[in-house]
């Protein structure tokens, strides 16, 4: 699959919320990064993805795991703007850093979402301590499974990384019309 | 309690969504009306109130019960506008009529919310077939209890109405600062 | 459907638990009776039916609604005996009266279950204030729907009863082999 | 804590269900063993513990993780017997091997439960590939946390084991009276 076991592309961010300074994958080497791509009006993100990301943020030692929310708007751009996102984060009491995915000039899909070829929202990306992509998952994933994958990556010997196996990745397929169901909102 | 067993004030609405024609309480005499006051960025509304309103809309015969969503924005006015609400309704697949509560000139609280003295969102108002308010409830209410109240009002003899007992109402107390928790978003 | 809108057959009970004195439908005239037929080893009963019966017991005024558990064992008879049921009731903190359905000599199906022709467990039977059966439902039923049915029966004029409509009943079809799924345990 | 990072005492079992041959911790060296101690009439076990154990059994490769149910009866001994357990396992569709903890002559607490000094049911014990106890947890534990602990143990270098840290263990304190709540059934 695209990017699996390869170097994770750097995040392309217009604004950081819930973080005093901008974060970068490069500066986070040595930690496992859980990147949660969402849209504030995506029901699957609100019901499952964001609470799961919040639970990961609560559970793991911040020296071992960094959770980052990535607001990747690919539909309803005019209403899911920065002011709306700020209100959403306040009302939903989201505590982890949230990056606004940088929009491209003539592409409805923002730049980080495009570079990771995410299928839609919610998507969960896991990046290991060496900076390699280890999982890209679109839709719901059980807490048990996601916990076990993060646990494995934390514990595996570093020398073993880059050779490591991965789990549950899917391919992205072009186009732009958006549609949401219980699993999430897809870009087709 | 304010309004209990009194004539329900007419809805003051700027725009109707999911309805070809404007609705009015007067025109709905003869049906039980379940008015669900919400804000699209209120977590308690999204998690509990709106799914419950949707289940009522599904369960009851439309000749007996009319569900109406009332978008009563009293905070974050600039981002919970009509365009944002339209996107929200589409993504969350809300099927029942939704009224945008008419804003007042110099009051952050919209006009219908003010006339019913609602405490915040979500609030559920039940109006009987005679047009009288029978319940005003702020926050979560169990499906079993709400179902039983609606069932009673449907079945009671009409002559008995206006004399009827009610359930679980609370008083509203002034002011404007907003705050959300698992129960809902309050106006203090 | 069998029994619908007809006089409810009297309960046939070998032992009452959680009740100082035996109850009878005759003595309960004037109240709505919610009869919850279950087996202690039926997953659908433990997960849905019994918590729902407990919530009804909690919610309604005991002058209006009487909840009765009916332990209708039609499989695994040797292990779902009175001593086991007593332990179950203690551990699950069941507070409403529970009747042990009287076993028949040469029939694996106990006598009350047979007279109501219940399809399996959980089954919910609603009997109105006049003593007529108003609903027999096998499997899960939503809180909203069950609450609304109870509410209607409480409120309807008594003269109207016996002519009343009902909801969601199914026919029973013979035989004895038992099988459980998420909905309940069936007698085929 | 008692036993933490020490060799796990061998299981003392009177009967194995769902397993053609008896299992032993010694024969399972090389796998992570998740031992789930339960009682069939313990609400916390039925609602949370056993479904979680089933999900672990489903998720992990049987070459890496072995789930074992341990029926550790310390109350209501006469009704939680082998025949009742067999009916329970059939109705709840439990698929993983279940061991009946061997009862002791003059001790209400069975022998494996005693040797691990478990506080009550449900208890989850994790034993690593080297046969050392890595976690003993009484009551509920989140899927995310349990998954992460299993994942870590699977992935950690074997040489590191026996020196490893652990999580969430509690001390056992004597006596025999039993009491259940939402968390589980305790031996005090």
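We just call them A, B, C and D in the order they show up, numbering each chain from 1.
Simple rule for what comes next: contacts are C-beta pairs under 8 Å (C-beta built on N, C-alpha and C of every residue); 3 or more make two chains touch, one makes a residue touch a chain.
Because the structure is predicted, anything quoted here is derived from the model rather than measured.
Centroid distances from chain B, each centroid being the mean of CA atoms, peak for D. Centre-to-centre separation of chain A and chain B, using mean CA positions: 36 Å. One inter-chain figure worth recording: chain B and chain D are separated by 49 Å, centre to centre, where each centre is the mean of the chain's CA atoms. Across the assembly, chain B contributes no residue in contact with two or more other chains. A ring topology is adopted by the chain contact network, closed into one cycle in which each chain touches exactly two others. For chain D in complex with chain C, the residues that touch the partner chain are 41-43, 46-47, 75-76, 78-81, 83-84, 87-88, 91-92, 180, 185. Residue ranges on chain A touching chain D, taken from their complex, read 52, 55-56, 59-60, 142-157.
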